[in-house]
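I am attaching a structure below and will ask some questions about it afterwards.
Chains here go by letter, A, B, C and D, matching the order in which they are written, and residues are numbered from 1 within each.
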Amino acid sequence: MENLIALLIAAPLLGAAVLLCGGRRLDAVGHWIGTVLAAASFVVGVVLFADMLGKDPENRAMHQFLFSWIPVGGFQADVAFQLDQLSMTFVLLITGVGSLIHVYSIGYMEHDERRRRFFGYLNLFLAAMLLLVLADNYLLLYVGWEGVGLASYLLIGFWQHKPSAATAAKKAFLVNRVGDVGLSIAIMLMFTTFGTFAFGPVLEATGEATEGKLTAIGLMLLLAACGKSAQVPLQSWLGDAMEGPTPVSALIHAATMVTAGVYLIVRSADIFNAAPDAQLVTTVVGAVTLLFGAIVGCAKDDIKKALAGSTMSQIGYMVLAAGLGPIGYVFAIMHLVTHGFFKAGLFLGAGSVMHGMNDEVDMRKYGGLRTYMPITFITFGLGYLAIIGFPGLSGFFSKDKIIEAAFAKGGTEGWILGGVALLGAAITAFYMTRVMLMTFFGEERWRNQPTASPAEPDVEPAAEHHGAAASDHVAAATGEPHPHESPRVMTIPMIVLAVGSVFAGGFFSIGDRFIHWLEPVTGHAHGHPPIGAAAVTASTVAVMVLGVGLAWLQYGRRPVPVVAPRGSLLTRAARRDLYQDDFNHVVLVRGGEHLTRSLVYVDHTLVDGVVNGTAAGMGGLSGRLRRIQNGYARSYAVSMFGGAAILIAATLLMRAV
Amino acid sequence: MSFPLLTATAVLPALGAIATAAVPAARRTAAKWLALIVSLATLVLAAVVLVRFDPDGDRYQLTESHAWIKDFGVRYELGVDGIAVAMIALTALLIPFVILAGWHDADPLETGSKRWRPTQGFFALILLVEAMVIISFEATDVFVFYIFFEAMLIPMYFLIGGFGDRAHEHGEAAAATQRSYAAVKFLLYNLVGGLIMLAAVIGLYVVAGNFSLTQIAEARANGTLDMATSTERWLFLGFFFAFAVKAPLWPLHTWLPNAMQESTAPVAVLITAVVDKVGTFAMLRFCLQLFPEASTWATPAILVLALISIIYGALLAVGQRDIKRLVAYASISHFGFIILGIFAMTSQGQSGATLYMVNHGISTAALMLVAGFLISRRGSRLIADYGGVQKVAPVLAGTFLIGGLATLSLPGLAPFVSEFLVLVGTFARYPVIGIIATVGIVLAALYTLVLYQRTMTGPVKAEVEGMPDLRVRELVVVAPLIALLIFLGVYPKPVTDIVNPAVKQTLSDVQKKDPQPEVEASK
Amino acid sequence: MNPVNYLYLAALLFTIGATGVLIRRNAIVVFMCVELMLNACNLALVAFSRMHGNLDGQIIAFFTMVVAAAEVVVGLAIIVSLFRSRHSASVDDASLMKL
Amino acid sequence: MTHQLAAYTTSTGEAFQFWVLGTVAVIGALCTVFMKKAVHSALCLAGTMIVLAVFYLANGAYFLGVVQIVVYTGAIMMLFLFVVMLVGVTAADSLKETIKGQRWLALLCGLGFGILLVAGIGNAALTEFNGLGQANSGGNVEGLAALIFTDYVFAFELTGALLITAAVGAMVLTHRERTERAKTQRELAEQRVREGKHLPPLPAPGVYARHNAVDIAGLLPDGTPSELTVSKTLRDRGQVRDVSAEALSDLKALEQRAEDRLERTNSGKSGEASK
C-alpha cells in the first residue's frame, strides 16, 4: 500500500513532463492527458483513503522511503513520504478539486492555442502541491512549497503577452520568496537545534528544546505561512494574482495552494503548542488578515478581486484557528476543506459569468444575470450561502466552530479574537451579498454599452486565450455582451462543488467525524467559550443576517451606479488594498531602484576607479621618469661616474664599520 | 608503473589544441569537428577517472610523481581527491558544450575568405584552456599548480581579446576597443594576483624546503614543520589573494563583468564556469591544507567579504541593463556563496561549496549559452531591446526560464541543493551571517525574474518578430545541461558521495568539527 | 717624502681627466682626457710596483700603454669617420640614445 | 744604503722634483680640460705626459719612462695632433654647456670622487714600503723582459693580436672604398650644363693679388671676394682670408699715380677718374 503514495505524485508529474516536453503534436489530446492523470491521482488517493479507514485511528500513518536525497555529515535529507490523516485530507481535497477544475478548464481554455501547456502547468502544480503535503521532512516540503510557487508563477503569468500578468506573476513569486526565506531559516534552526528536520524526530523532541528557539522557529514558519497564504503583511500578491485564468484562481488561489500556510502551521502543531508567543502572533496575524481581506473585499468592483479579498479573510480565519492551538487545529483544517469547496465553486461561477460577459470583470457592468445563466446562478448562490455561514451549509459549521474556539481562548484575548471573528463574519455576509446582488440581481446594466474588458489593454483577439468566451464573441468582443450559460463541461464541476459546499460541513460535523479523524495527528481539546456555544452560534447567525440586511439596503434597494462613486475614505482606501501596495512601491521598489543605481555607480567609479587610477598613476610616473633618458652620452657618463663614486663610498664605509 | 591516466587527461586536449591549430585555413569545419571529438575523448577519459576513483580509498589517488627540477625539489606530482575529481568531471563535461555553442562564433565575417585562421585558433585555445585547467586541478605540487594557474591566462587573454561578442551597439570598432580593454583588465588583475602568489610560493619553499602539497600538509599535520604564525599568515594571504582575484571575491571582482560582457557567450561560460572554479578549488585544496591556523585566523574577514559579494553582486545584477553583465554579477554573488561555504568550516558548508562549483558551472552554462543564442539572433546585449520573445520562440524562452530558475536556485534543480547546504553549513556556525546570506535568495529571484519578464514576456517587440526558435545544434547544447540540472537536483547523492570523504579530510586538516545540535533528537 | 704622494697625484689627475670627459664636448678632447686618466692609472701602478718591490705593477702599466695605443688608433679612426659623416666632432650630436 | 733609505722615504731631491713637476702636471691636466682649442689641449697633455715620464724614471721604471716619452708623447700625441689638424686646428669649440646641470653635476661628481679616492688612499695606511732595489738589480729592462716572456707571455701575445686588430680596424674605419667610377671631365661639364650654374670652370684663387695663397678668395670684377674660389675644407674651417679691401685701395692708388704721371689737369676728367 505504501508504495502507492509515490504514485500520487508521479501521475501528475508524468503528465507535466509529457505535456511540457511533448511539443505541438500533443495539442489535440493534451488536455485529456492532463485531466486523466489528475483523475488517476485522485483515484489512487481514494484507494489509499479506503485502506486508511480500514486501520485503527492510532496507526493510520503510512511511510514510504524512496531514496536518500542529500546526505552530508549530520545533514540527512531523504526523499520520503508520510501519509497520515492530515495529509490524506489534503490529498483528497487537492486531487478532487484539482480534477474538477481540470475538467472545467477543458471548456474554459478551449480556444487557447496554448491549452496543452496550461494543463501541463496545472499538472505540475498538482504534483508540487501533493509533494508539499506528502513530504515527511521540512526540506522536501520546502521543495513542494517552492514548486507550487513556481506553478502559480507560471499560471498567473500564463497570458504573458499582458504586461500586467507578467508583473503580477513576478510579484507573486517574489513575495512568496520572502516567505520562503522564513521557511529555510526555520529549517536551519531545526537542524542546528535538533540535528534533523524530519517531522517525526523534530516534533517528538520539541519538549527538549528551549522555548526561545521554538518561538523563533514558530515565527519563521509563520512568516513562510504568511507568504504562501497571503496573510498580512505579505498579502499584497493575491489580488494581482487574479490576472491568471479563472480556473487557476479557483484551484491555486482559493482552494489549495494558499491554504498551504495553514497546513504548515497545523503540521508543526507541537512546535507552536510549546511556543505560546508564536501562537499569539499567529492569532493576531489571522485576525488582522480576516478583517483586512473582508474590508478589501467590500470595496472591489472586480468580481475576482472581491473574491480574492474574501479568500484572504477566510484564510485569516483558518490561521486564527490554527493559532488557537489544540482547540483550533481541527476546525482550521475543516474550514479549509469546506472553504476549498465553496470558494472554488464561487470562482468557477465567476469564471462562468465572466466569459458569458466577454471577460468583463467589473460587477458594475453586470446585473440581472440570474435568468441568463441559471446553473451558474444556482451553484454560485449555494456557494454564497455556504460562505456567509447560512445555517446548515458547510461554511456555517466550520466558521461557527472557529468563532467558538476564538472565544474559548479565554481572557481578554479570547474576547478580542472572538469579537474580531464575529465582525469578520458580518462583513463577509455584507460583501458576499454585495457580489451576489450586483451580479445576478438588479437591472441589466450591461445593456447597450460596449464592454472592452479592462483586463486586456492589447488588441489581441479574445480567441487567443479566452476559451469559450471567444467562441461566439470574437465578433461582438467590443459590442454588447450576450450573456449565456456555459457548456456542460464547465457547469458539471460547478454543480459538484456546489453539492460539496452544501453538505460537506454537515457531514464532517455530525458526530464530530472530522475531529475523530484528525485527532490522532493534531490532537484536539474541546474549547468552552465563556458564553455557551449556543450563544456564540446565535450571535454568528445574527451578525450574518445583519450583514446581509445592510448589503440589501445598499445594493438591493437602490440601483447600482455603473461608474463607481468616489466613496468614503475607507472605501477608497480599501479599493487600493488599504494602500499596502503603494507603501511597498514607495518604500521597497523605489528605494531598491535607487540603491541599485547608486551601487552600480559606486562599482563603476569607486571600486573600478581605484584600480584604473593606480594604472594611470603608473603611466604618468613612468612618463616622467623617461625624461631622464635624454640620449646624451655625457649625461649617462655622469651617472656612471656618480655611481662609481657611490660604490667607492660604500666600500669605504664597509671598511670603516 | 601503471598508465598515467591523469597526465593523459590533461595532455589529450593539449595535443588536440595543437592539431586543431594545424588544420589548414580553408578546412574550418574539419577543425571544429576535430576539436569537438577531442573534447569528447577527454570527457571519456574524465569518466574513466571518475570510475577508477574510489571515494573511500586513499586521499589522493591515481597519483603520479616524477622528479622535475631536482635543485628546487620540484616534482611533477599529480593526484586527485574527491573534490578534484568532481571539478575535472565538470570541466570535461562543459567543454564539448562550449565548443558546440561557439560553433559559428569564430567564423569569418565575410563568407568565403580563404585565408581566415582565427577559427582554428579559437577552438585550439579552448582546448588549451581545458588542458591547463584540468592539470591545475590534478597538480599536488604547488609549483606545478602555480605554473598552469598562471599559464591559463594566456589563452584566456586571446579568447577574450580576440573573439569578442560581435553584437555591439557602437559598431565593430568600439567593440574591438572595449574587448581589448576587457582582456587587458582580465590579464592585469590575474597577473597581479599571480605575482603575489608567486612570492608566497617562494616563501613557502624557503620555509618548507619543497613544493609537494602532500609532504608539506603531512609535515604540518604531524608538527614536524612548524611555521611562525606571522609567516604562515603572510603566506596564506599571498595564496588567498590570487585565488580571491580568480574567484572573484569582492572587491577584486570588477574584471569579471567586463570580461564576460565583451567575450562571446561560450568564452564567458569558460571564464565563469571553468577557469574561475580553479580559484575556489585552490582555496579548498591549498589555503586550508597548507595554512590551517591562518585560514581559521582569516575566516571572519573572508566571511564578511563573501557576504558582501553575495548581496552586492545580487544588487548590481538587479541594476544591470546588459544581459551578460547581469549574469556576470549573478555569478559574483554565487561565488560569494561558494567562498562562504568553504570558510564556514563545516562539512555541509564545504560539501555544499564543492557541489555549488559543479552546479553553478552547469546552471551558468545553461543560462549564459541560451542568452548567447538570444543575443546572436537579435544582435544586441541590451535587455531593453527585447520583449515578448516567449511568444516568438517558446522553446528558447522555456530553456532560458529554466536556466534562470536554476540561477535563483529553485528547489528541484541542482543549485538549490548546494546553496541550501552552504546556508545550513554557515548558519550552523555563524547564524547571523547565515540569515543575511539567506536574504540573497530573494534578490536572486528578483534579478532573474526581472530579466525574464523584460526579455521574454510582454507584447512582442518589432525587432523580435520572426526570431527563429532554437536550432537543433542549440538544443543539443542546452537539453543535456537542463537534464543534468534536474537530475542533480533530484539525486545529488553520486556527487556528494565522492565529495564528502575529501571534505572530511579537509576539515580534519583545519582541526574543525561540525557543531553538534543542542538537542540530540532520537532518530 | 713618502712615495704615497704619487698616488695622491695619480688620484688627482684621474679625477681631472674624468671631469674633463664629462665636461668637454669635442670628441678629441674627451679622448685626450681618457688618455689622461689612463696615465694617472699608470703612475699609480708604477708607484705600487715600487712599494711592493716587484715589477708586476710596471708590467701592467706597460700593457695599459699598449692597450691605450690600440684604443687611440681605433678611437681616432672612429672620430675621423664621424667627422666625415657629420662635419662635427661634438659628442652631443650623437644623442640618439633615448627612447 | 740607498735600499735602506728607499725603504722609508725618498731623497729630498726627489721630493723637490715631485712637488715642482707635480704642480706642472696638474696644471697641464687642468689646461687639457679647459683649453678652448683642441691643439692647446693636446700640447698641454703632452706636457703632462712628459712630466709623468720623469716620475716613472724617478720611480725606477726606466723602461716605462722611455716608452712613455717615445710611444705616448712621441707617437700617440702626434697622432692626436694629426687628427686635430685633420678636423681643424683653429676650430675652437665653445665651452658653453648645452645639457642642463651637466657641468655642475660633473664637477660635483669629480670633486666627490677625488675626495673619496684620496680618503681611500689615506686610510690605506701605506707607510712602510721597500724599493725596487733587488727587483731592478739585474737591470730594469731585463727584469721586465723576464716577466713578460714568462709569466705574462699570454697577455703579451694577446696584446700583439690586439694591436694588429686595432691597426686593421683603423684602416677599415678610415679608408673609404670608392664604390662608383669617378666622373670624367666631360661628364662633369655636362652635369654643370644640366644644372645650369657655373658653366665656366670655377675661378682660380688669388686673382688681382700679389697673394696667391690657396686661402685667399679670388675677387670678382667688382672687387668683392668669391667664396667659390677657396677649397671647401678651408671654408668649413672658416680659414678664408679676405683681401678684397686692400686690393681695391691698391687699385685706387695705382690709378692715382697714373693720373699724376700723365698730368691730366682736366678737372672734369680727373673728377671722373677719381670716381
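Methods note: a contact is a pair of C-beta atoms (placed from the backbone, for glycine too) under 8 Å apart; a residue touches a chain by one contact, two chains touch by 3 or more.
No experiment lies behind these values; they were computed from the predicted model shown.
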Listing by label each chain that touches chain B and chain C gives A
Could you name all chains that are in contact with chain C and with chain D at the same time? A
Most remote chain relative to chain D, going by C-alpha centroids? A
Could you tell me which chain's Cα centre is nearest to the average position of every protein Cα atom shown? B
When centres are defined as mean Cα positions, the distance from chain A to chain D in whole Å is 108
Cα centroid separation, chain A vs chain C, in Å, comes to 99
Could you tell me the distance, in whole angstrom, between the mean C-alpha positions of chain B and chain D? 76
Report the inter-chain centroid distance for chain A and chain B in whole angstrom, where each centroid is the mean of the CA atoms. 37
Quick check: what residues of chain B touch more than one other chain, meaning two or more? none
Two or more partner chains touched - positions in chain A: 630, 632, 634, 638, 641
Residue numbers in chain C touching 2 or more other chains? 18, 22, 25, 92
Chain pairs that touch, by label, are A-B, A-C, A-D, C-D
In the complex, go through chain C and note every residue touching chain D. 1-9, 11-20, 22-26, 28-29, 31-33, 35-36, 39, 42-43, 46-47, 49-56, 58-59, 61-63, 65-74, 76-81, 83-84, 87, 89-90, 92
Residue set of chain C touching chain A in the complex reads 18, 21-22, 25, 91-92, 94-99
Where on chain A does chain C make contact in their complex? 626, 629-634, 636-638, 641
Chain B partner, complex, touching residues on chain A are 20, 67-75, 79, 139, 142-143, 145-147, 150, 153, 157, 160-163, 165-167, 169-170, 173-174, 177-178, 180-181, 184-185, 187-189, 191-196, 201-202, 204-205, 208-210, 213, 458, 592, 595-597, 599-600, 603, 607-608, 611, 615
Contact set on chain A toward chain D in their complex: 630, 632, 634-635, 638, 641-642, 644-645, 648-649, 652, 655-656
